[in-house]
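Here chain A shows up in two complexes: once beside chain B, once beside chain C.
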Partner chain A sequence: MTADVLALRRSPLGDPPLDVRGPRLHLRELAFRTLLELRGPTGRPAVGPDEHVWPLGPGWWLVDGTPDAAPALESPRAAAWRAALGPGAGVVDVSCHRTTFALSGPDALLVLSHGCSIDLERVPVGQGVQGVLAHAQVVLGRVGQDDWRIHPRASFARHLAAWLVDAAAESWEPWGDQED
Partner chain B sequence: MSRRLPHGGDLVDRDRPVTVLVDGDPVAAYAGDTLASALLAAGRRQVAAGTYTGRPRGVVGLGAEEPNAFVQVVSGPGEPMVRATELEVHDGLAVQRLAGRGRLPLGEDDTRYDHRWTHAEVLVVGGGAAGVDAALEAARDGGRVVLADDQVSLGGWSVGALGPDLDEQVARLETLPNVRVLPRTTVVGLYDHGQAVAVERRTDHRPDAPAHVARRRLWHVRAAEVVVATGAHERPLVFPDNDRPGVVLAGAAAQYVRRFGVLPGERAVVWTAHDGGLRAALDLAAAGVELVAVLDVRDEVAPGLAAELATHGVTVRTGAEVRGTDAGPDGALARVHVRHDGTIVTHDVDLLAVSGGLNPAVMLFSQAGGRTRWSDDVAGFVPDVPPPDAAHPVRVVGAAAGGLRDDELPPAAWFVGDVDSQEAERVFLDPQRDATLADLRRAHGAGLTSVEHVKRYTTIGTAADQGRGFGVLTVGVLAQVLARPVGEVGTTTYRPPYAPVSFALLAGRDRDALSDPVRVTAIHDRHVADGVPFEDVGQWRRPWYVPHQGEDLAASVRRECAAVRTGVGMMDASTLGKIVCRGADVGRFLDRVYTGLFSTLKVGSIRYGVMCGPDGMVVDDGTVARIGEDEWLVTTTTGNAAAVLDSLEEWAMTEWPELDVAFTSVTDQWAVVAVAGPRSRDVLAALAPDLDVSNEAFGFMQWRDAVVGTLPARVMRISFSGELAYEIDVPAWYGAALWDAVRRAGEPFGITAYGTETMHVLRAEKGFPIVGQDTDGTVTPGDLGMGWAISPRKVREGADFVGARSLQRADAVRPDRRQLVGLVPTDGSSAIVEGAQLVAAGADLTDLPVPMLGHVTSAYDSVTVGSPFALALLESGRTRHGEELDAVDSLVPVRVRVVDPVPYDPEGARRDG
Partner chain C sequence: MMSLPCPHCGPRDETEFGYGGQAGVAYPARPGDLDDRAWAEYLFVRDNPRGWSTERWVHRAGCRQWFVLRRHTVTHEIESPA
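Moving on, here comes the complex of A and B:
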């Protein structure tokens, strides 16, 4: 039953899946991640492997967690966080509100710099920022030197995917001197 | 007749010959040539014609100061009005000479353009000696440096003078990892906060570039500090018939010899006002140009320079002046008339090299807010007061700062000699505009004394070169005419862009489908599969109507409306804005931002709310559901979601920081299917057998969690049609599955998908206004007949809410305010037009002004009402029910009767099914 219901899910880029690879860049959607907004914790909340936390503001965090195993109106992990953080903290499930793109490869920063005015070079690995990329509000997290997570709102996901594929034209098919 | 020297010219590669087409004729050149140097090398002296006079014109300058030599590029994507002095030649380049005006190429341009943002500690503009030096210095501590230079390679025009030292510096700079060198990049704008915009020409010179490579790039550079090392522009001296091909700036002429190995002429007169002009004369002489006369307006020249010129057999004539020129049969320069010691001598020459001094290139400094002053030492305007943004300093270095060589004698601020009114018609102060000294004198005669006024009256300095060469000269000439000091006359203001930027480049990849984000719901693919026409609502794409085969809008909407009124309909309502408000004080907070009372709302219940601005005017409406003690879900109109969230954040942060409230947008979290109509309960019962859907158990304005189909869902009993209706919310991943499930479950009940148009008709029939359509920022809740939405308890207790005080102003309660009414055509059939003005019945539309009583805000053909039906805002509308008026669109009146704005089920009997 659970599997049947899970099979009904469609991520914003699910059909067809977003997975484009070039010599210097790899862009794909990581579908069905569990995304939670936390309010309250002053320190960075601890998460498990293959999970990330991005600061959205003082005491305000976006947790990018692995997918849940069962369908639910609200991810059970929201309740778990509420219990862990105690009264006064707030947790909102935004798993479907945003989706997750992984943009990796030596040209990742270059592609982002085509549509984002933030100084991303200076974002250290493990840190993230909120901003606008290609006219879409996003949360950008740096998980490695050349590995980024992009969380656009679901309704903007197709626009952003089309934009990223277009902006990376010279990375899919490099020509002339390679830029940094 | 080639004028290419047998050797020399470090910028050209003689091993790489190139052929370009000029007006269809092949012209031989070398890689590294500009079109201007190629034309000069080919002996083509006339390269353009005066815009209005048609007079022959030739190359005058070397770069951005060139006023004449504009061509239309007709190869590649084509481009109007490109300076020959800045156009890099390549095989396949084809141009047409222009008479002042280019033509925008017609047809689709599929060339790619892009933008890039970058950040630096220091941005250096200009890659000459001063810029390279500044970049090396700035790079020393490891900070990020961007060096932008508009030439093909760094070094500027002083390479010859500085030699190997500079080459070595450039080489070093290009190896530094923290330095980004951008050649072929023109900084066109410098703004506050170290913000610069630059145009990079990436493949203009590479016809072999594949189509997917962006031809040009607009750089947005943000720098903590900006160093302006843009050098100086040479300015001419003027005299009658100064515009003939063969009259060239002396410094430019010398650079054509030195850098391109091209002789701009064979026999020359050189006329100058500063040492730089004399050094140019030396270069020309060394290259083999026969100097028949070298003139200097000054009374004295440096003995060293005079002696060097003497070795070429040339005596400098001081205090001398060119009085005019004659053209040969080809329209180009043939003779120069020189006055020296009171006598006129005529020389047969093909080159007149003139140089009136150097204008420091202060444009970017000036754009950023820096102020300049006249310097007698430099005979030019130099940087004076720096831009006000001290946190992002703008430093000017090198020739742009007015720097002179140590060994130089002061230049002369000499502008124009004694010219009579007839001659003045042929003294060109702006060759591109064909504007003359006579025009300037006329401007003065008309009483104009401000340089800004004179510029606009005469058009001098308004052409593509923006007066780079001639502008300061014009200021000097005006000062002479006004008999005032040059510094007092001042310069005109420099504004961005420094050089033209094409719209295609400004757009970058904001074209076609990417020009603005298209937002789609989780159910979008179902609508596409159904082939529905879409309506754009803000950035959202929503199904407009859902036609059967062969149906038009009207037929489809009639059928859709009937289904909802008599059976059941379904629509994708996912686009409504949704905001989770969380915290212990949300109830109190909502009491303050909505007109109604929310703190008393129970968990499980929903309440409708109206939001006003501080002026008491309606800004949004929607529902509020209490999900838990500390959690509430606010919905907004589709188009206002972001603005409402911003406004909630603003009130919470700036006015009531003591309240425990936090907001999270969840618009995209939920896919929503509205199921509306008398049979909607049957559909829901079939979908959610475990949910008690009876009116007693699940009342109007309540919500329940349930399994719908197999999906986890939250069901809200809300109606925007007046009918029994539900909105089913599921996590958006399940949106398409929900759509399918509702459709399947509704099939036995004849469920009908409907779009935004039907939704509008249904709500209009109930007199539900749409904020932004039936309101325009001047409408109070009372005007909409929604005084009930203002909590009586709040009013009684004097509780404050946003807009409360404004709603008590005398103006807000005037009886003759425009109020929401319904309209029907008196003939029962004439369409009423949205936006039509309401006037008295039978008003004479020719007797202006016709008093306007209101306007139509929404209009539909309503099957339910049995005729066209409209909502309108009408003065004293509530007291005029039954009156007749004319609704006038494009001078065509339609007689209408004012009716109650709720023509359908005014008692609300249908909402419970």
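Moving on, here comes the complex of A and C:
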């Protein structure tokens, strides 16, 4: 039964998964990540090695963790966070609210800056911002110098994937920006 | 495109924000005592200055926090109130 439910799931980008690779860029969807929003902690919550945490606003955080093994109305991690943060904090499983793109490679920042007016160069590794990318509201997290996570709302995922593939046209080509 | 200074996120494009109108309009202390004209003025009538205007904005696409800033309605200069 469990296996059946998992087999029926479709990520916002559907099947087969988005995975485009060029010499200077790699774009893929990381489907079914466990996404939790935390309300309350004023300091950055400590997360495990398989998780990222991005600041969304004052006392407001997005935790991005590996997919849960079994289907559930609420990820068991939500209860774990609730217990860890204590009363007064809010924890909501928002895994279906957004999906996750990984954009990596030396051209990643360049491609993002085509559609984002935030000065992403100044975002340090391990930090993130909430804002607008190509007219879509997103959470952007920098997991490495050339490695970003993009969390668009599920209904904007197709638009954003199409926009990224188009904006990165030069990065997919083996000859780079050489003229015709 | 105006750039507005969110106190939490820094400068962002105006398209990330929602406009909340004139700042500092207090809810009447005894609303039941107001006649229709005074109540309508409280609800609907706002300053419309040619010059500096103190306004509420919400960073809708970012931290979702409300804040107050001063904007010059002619030049669109922006000041964060002290």
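By definition in this document, the second predicted complex is superposed on the first by the 173 of 180 C-alpha atoms of A that agree within 3 Å, B and C clash if a C-alpha of one lies under 4 Å from a C-alpha of the other, contacts with A are read in each partner's own complex, and residues count from 1 in each chain.
The rule is short, and it goes like this: contacts are C-beta pairs under 8 Å (C-beta built on N, C-alpha and C of every residue); 3 or more make two chains touch, one makes a residue touch a chain.
This is a predicted model, so every value here is computed, not measured.
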| item | value |
| --- | --- |
| First, second, both or neither for A:129, with chain B first and chain C second | second |
| Chain B versus chain C, judged by how many residues of chain A each one touches | B |
| First, second, both or neither for A:64, with chain B first and chain C second | neither |
| Chain B versus chain C as contact partner of A:29, first or second or both or neither | neither |
| Which superposed partner A:163 touches (first chain B, second chain C, both, neither) | first |
| Contacts on chain A seen with chain B and repeated with chain C across the two complexes | 60, 117-118 |
| Chain C residues touching chain A - in the complex, by the definition given at the top | 8-9, 12-13, 15-16, 59, 61-65 |
| Touch list for chain B against partner chain A, complex | 112, 114-119, 144, 180, 206, 209-210, 212-214, 220, 222, 509-510, 513-514, 516-522, 525, 540, 580, 582-583, 630, 660, 662, 664-671, 705, 710-714, 730-737 |
| Interfacial residue positions of chain A with respect to chain C in the complex | 56-58, 60, 117-118, 129-132, 137 |
| Complex interface listing, chain A residues touching chain B | 1, 4-5, 8-12, 15, 32, 37, 39, 60, 71-73, 88, 90, 92-98, 113-119, 121-122, 134-136, 153-156, 158-160, 162-163, 166-167, 169-170, 173, 175-176, 180 |
